[in-house]
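Here you go, one structure.
Chain nomenclature is as follows: A, B, C and D, assigned in order of appearance, with residue numbering initiated at 1 for each chain independently.
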Amino acid sequence: MAKIHVSTTVNGEPTEFLCEPQQTLLDVLRDELRLTGSKEGCATGDCGACSVTLYGRLICSCLALGAEAEGHEIETIEGMADGDSFHPLQQKFLEHAALQCGICTPGFLVAAKSLLERNSDPSETEVRYWLAGNLCRCTGYDKIIRAVLECAADMRGA
Amino acid sequence: MTSENGELKWVGKSPIRPDGADKVTGRAKFGADLMLPGMLVGKVLRSPHAHAKIKSIDTSKAEALPGVKAVVTSADMAEMQPEWVAAGEVQINFLDLSNNILASGKVLYDGHAVAAVAATNSAIANAALELIEVDYEVLPHVIDVEEAMAPDAPILHDDMFTQGVTPTPDKPSNVFKEVDIAVGDVEAGFAKADLIVERSFKTAAVHQGYIEPHAAVASFSEDGQAELWCCTQGHFTVRAYCAKLLGMDLSDLRVTASEIGGGFGGKTTVYLEPVALLLSRKAGRPVRAVMTREEVFRASGPTSGASTWAKIGVTKDGKIVAGEAILKYQAGAFASSPIQPGCMCAFAPYDVENVKVKGYDVVSNRPKVAAYRAPGAPISEHAVESVLDEIAKKLGIDPLELREKNAAKEGTNAAYGPKFGPIGFADTLAAAKAHPHYSAPLGPNQGRGVASGFWFNIGGESCATLNVGEDGTLVLATGSPDIGGSRASMAIMAAETLGIDVADVRPIVADTASLGYTFLTGGSRVTFATGMAVIEASKQVIETLRERAAKIWDISIDAVIWEDGFAKPAGANAGEFEPMSLGEIAAQAGKTGGPISANSSINAEGAGPGFGTHICDVEVDLETGAVTVLRYTAVQDCGKAIHKAYVEGQIQGGAAQGIGWALNEEYIYNDEGRLDNPGFLDYRIPVASDLPMIDTVIVEVANPNHPYGVRGVGEVPIIPPMAAVGNAIDSAIGVRMTDLPMSPPKILAALDNGS
Amino acid sequence: MARIILTSGLGNQYAGGQTEFEIEAANVRRLIAALEERFPGIGPELEREMAVAIDGEIYQDPFLETIAPESEVYFLPRIGGG
Amino acid sequence: MNALTYESPGSVDEAVKLLAAAGSDAKILAGGTDLLVQLRMGMIKPALIVDVKNISETTVIKEESGGYRVGSAVSGAELGEHDGMNNTWPGVVEALELIGSTQIQGRASMGGNLCNASPAADAVPAMIPADAVCTIAGPDGRREARVEDIVTGPGQTSLKAGEMVVDFYFPPRPARSGDAYLRFIPRTEMDIAVVGAGISLTLDEAGVCSAARVALGAVAATQLVVEDGAAALIGSTLDDAALEKLDAAARAACRPIDDKRGTIEYRTKVAGVLARRAAKIAQQRAEG
């Protein structure tokens, strides 16, 4: 099994790695790059815990091959805070207690960020549908949805 | 404990959780996130059959594969005797536990672990699994609980003779035990009834559905000591079970609870942990084992599916005169389901003189059940709350008023026997009735349902250590894994008791070598029981701080009071010295007797029972049977909310799980007895777009046994939703759904049949 | 004499169907010993599986809890949770 | 252990060469949302994966003769952002956008949805009423085929070894036309269709239906074209009687199975319901 050499950009940093052809992007992030903030909840694209953006699109990193990252940009939860300050969504999630166990939180944050970049004024329904691929078993979603809506409002006002 | 004017400074507020930053940045280390040098990948071979004899297992080819470092089967485990230990309501028999970890002699369900390998990478581990040759003799299987009880059913265990019947039968059966609860005389009670309603129900087996699959990393050293990291609700429980299964001393096994990605009861037992240890011992290297989602569904505990029947008699003014129920719970492949609490909870919210409940604990070819939020209670209370709804309709009484007429109060003999202390059930009913939701108008094909729920809540053994740093900040160690923000609650209670800033308390979860035994995180016990240990340790620290201040001031300790985070001279010495802060005293600790710390070890008794009442609005699509939950309100007596936002979150999460149980979640088995939906695609937990906001109303009737009045919170909210949703559907379309989940095909069929 | 109430299952199995007794015992340990004397075999089962409620207060690990002469003592299955 | 190779060719010709050389051991990777699950589950063990997302033909949308040519690997998210396709064939766009979550939308493609050949594919029963035609490239050159002729059974297509779908052509929409796709799932998101219904229709100036195409998904081994359903609509103003005939025709066409996602009875009944509802939406769109 010859490994594939991949040159990519992860959270703004030029990054190279070797991966096996069948290795998913999630496996590469976690096992090769040691970025364990992206979680494996299902490995079938049904839970969203491994959400990242690849070429600017929100995807499940369990459903992409590591090799596909060649020449593209990847953004993960580890790149969300700006130096020592939280992204407004991270701050809002903390203030709103929008997490309990926290396993789904990185995926929700990455997905919510992707939403607000496209739609600065989403309705509750739009937020719920955009995040429908991110499963949370602890919160009943209430506080997560509120945190995203309030963050959007704050960011619009800012 | 409170400030001078008696107001609470931190309790009831919602400060940002101390572990929050790591959780929103991806830094938090969950079960599968730990990596050790030289670590191997552990994987488990599982049975493709629902029921089969293992004639032989040949692991030689797998062992010969380059990169494979260890292969284990049940032969590698310590020999177990049938020994029962109490483990909450789902008892554990070590022989069964051992056989569930790695099958011995027979496989009893699709997904039952048979062997495991450790290899240098996952591709080699997978290849090794394929090289293990297991010769099975497939046996007839049984999945459904009623079919498992039939006289001609395939028998899972030749040595299972139904307990709880006299004389003990001489023929083996799949009924592990029968349970009876009886108060008063139900026949006499029914004779006094003006109206009797009875109905049968079926509820599906449902999984806890935590998003983090089970994971364990084990590292054995040559001298027989081992370390284990895993996502668990109770690392002391893990230590106890693993040490027993591997024949180790407790002191040789150090278990660290990683961050845990949800549990809901499902991470109160062991699956991979002993396997990872066995593999590491054999391979001489660290081993990490992580379940796939498919393995989680096939082989970790769901809760029981059940067949239930409830019969209630009332007078025409709505007083319940008798209640009877028959409950048949799936235990999974090994004995012991939550049938006991199911029986005890069925009529518990109500003041009923005559109650009779019969329960059956039944094995079948399904994974062994594990605890799930208020184990057993949602199933039995669903039956009772649904029948009560029918009674309210038939009598023309408002369903909340019917409940108010019969609600248990302080001094009521609970349907399971003893008297209730102060409880807040009636308060939840009154709050629900007064809520604007209850009187909001409904549109066409919409309906509203209400239901209530009861859970005991528990206390138990907990330890806490509080270490005061020389700068006046504190580290608070407990042994309770934090699933839903409990570290925040612990810090709040310590800060409140000490009168200091909550940010000055850094709560951590200590490993099993660093703190005394602490029972697991479950049963809504942590804020109550571990909280009491924290308060106790805080009080001890206050005593020490007073003593040190007295030394510094050279006055008697009796002349020093602790108030709002300061030592103050009192009595004859009042005003003589400037008050000293905790930090000022801590800075001089070395001179006044050494470091300041306290350790509290308690067995907390006196948990306060919890009650909740939910209101649910639905709309039914008459042409497709689809149900939309339009509005949801959950009212609950929490005693005292320590961290308000996380209390609300517990209630919202429990309600959402109950709605999933009501509408779409189920284990689907095919004709071969294989699980047909072992993934989040077809095991349908609610997604964000399925739910409305879940409004919460926190009622606070203090539990007199806790310094701040805490009851448990987490269990109760999963109990009412199934009946609340069913009652709302009935209100919308005039059809009583008796078979859970109330999925669109069933609703459409029921509409078509007009039943 | 305290009033002692067993579950009907235990009553059927060990006490010929009887579930209520008047027994004098200073604490739970002595009460279980007294029951074991009357109904051999019941003691270990009570210790292993049962919590008690003394005057409405549930004790999951009962042992030395005191029982007053007029107390009402229920034996109940132990409860855990999720 | 199989030796898997990953290739990411820059042209259709290169891709076809790779596919032809590997024969049945090769799999095409577009969005990967089905392929990677199958790979992970061990359902397939290919020797070669050909990623077609570095080929411009398969990844762009362009206007052509008043219609649109959509690359087979264009993701749902990209299609959903394309004004031209949204205005012309909203039913097709909404069908592709119904597949999975936002995350799946970032990857899932019409080419993948078609070639995976699931009876429950969402995009296919919307493409069929739109009269979509796909370009197929293979060792023997290029050919065109109607979308409805591709799927031959669950997991099976009429594509020959070494062939790949390059793009789809959606013709210009006739005046006073509209299309719509509806599916039923137990939740609001994240499920596989239990039933899907796609309809495209044209109205005359009086509002009478002059042309219609009706397709159903998840109710047979392949997507169904319901001629009787179309006939029920043509000549009507989609009055209750016509819709009832459409409902009956849809039900009559169904040959579903019982499985974990739905029963025969349920699928049949809901097929009629969705056909009716989709027809009404298409009518509204046609009326502008």
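As a convention for this text, a contact is a pair of C-beta atoms (placed from the backbone, for glycine too) under 8 Å apart; a residue touches a chain by one contact, two chains touch by 3 or more.
Source: prediction; values computed, not measured.
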item: Longest centre-to-centre distance from subunit B, chain (CA-based); value: D
item: Distance from the mean Cα position of subunit C to that of subunit A, given in whole angstrom; value: 55
item: Inter-centroid spacing, subunit D versus subunit A (mean Cα positions, whole Å); value: 29
item: Whole-Å separation of chain centres (CA-atom averages), subunit B against subunit D; value: 44
item: Multi-chain contact residues (two or more partners), subunit D; value: 1, 188-190
item: In subunit C, residues with contacts to at least two other chains; value: none
item: For subunit A, residues contacting two or more additional chains; value: 1, 20, 22, 43-44, 46, 129, 131-134
item: Every chain pair in contact, whichever chains are involved; value: A-B, A-D, B-C, B-D
item: Touch list for subunit B against partner subunit D, complex; value: 123-124, 127, 623-626, 663-664, 668, 676-677, 680-682, 684, 686-687, 689-690, 743-745, 748-749, 752
item: Complex contact set, residues of subunit D against subunit B; value: 1, 184, 186-192, 194, 260-263, 265-266, 269-270, 273
item: Contact set on subunit A toward subunit B in their complex; value: 1, 20, 22, 30, 34-44, 46-47, 49, 76-78, 80-81, 86, 90, 93-97, 99-106, 109, 124-125, 127-129, 131-146
item: Partner subunit C, residues of subunit B touching it in the complex; value: 84, 86-91, 164, 166, 178-182, 208, 263-266, 268, 340-341, 344, 371-375, 416-421, 455-461, 522-525, 603, 605-607, 705, 712, 714-715
item: Touching residues on subunit D, where the partner in the complex is subunit A; value: 1, 3-6, 8, 29, 31-33, 36-37, 39-40, 49, 51, 53, 75, 77, 100-104, 106-107, 188-190
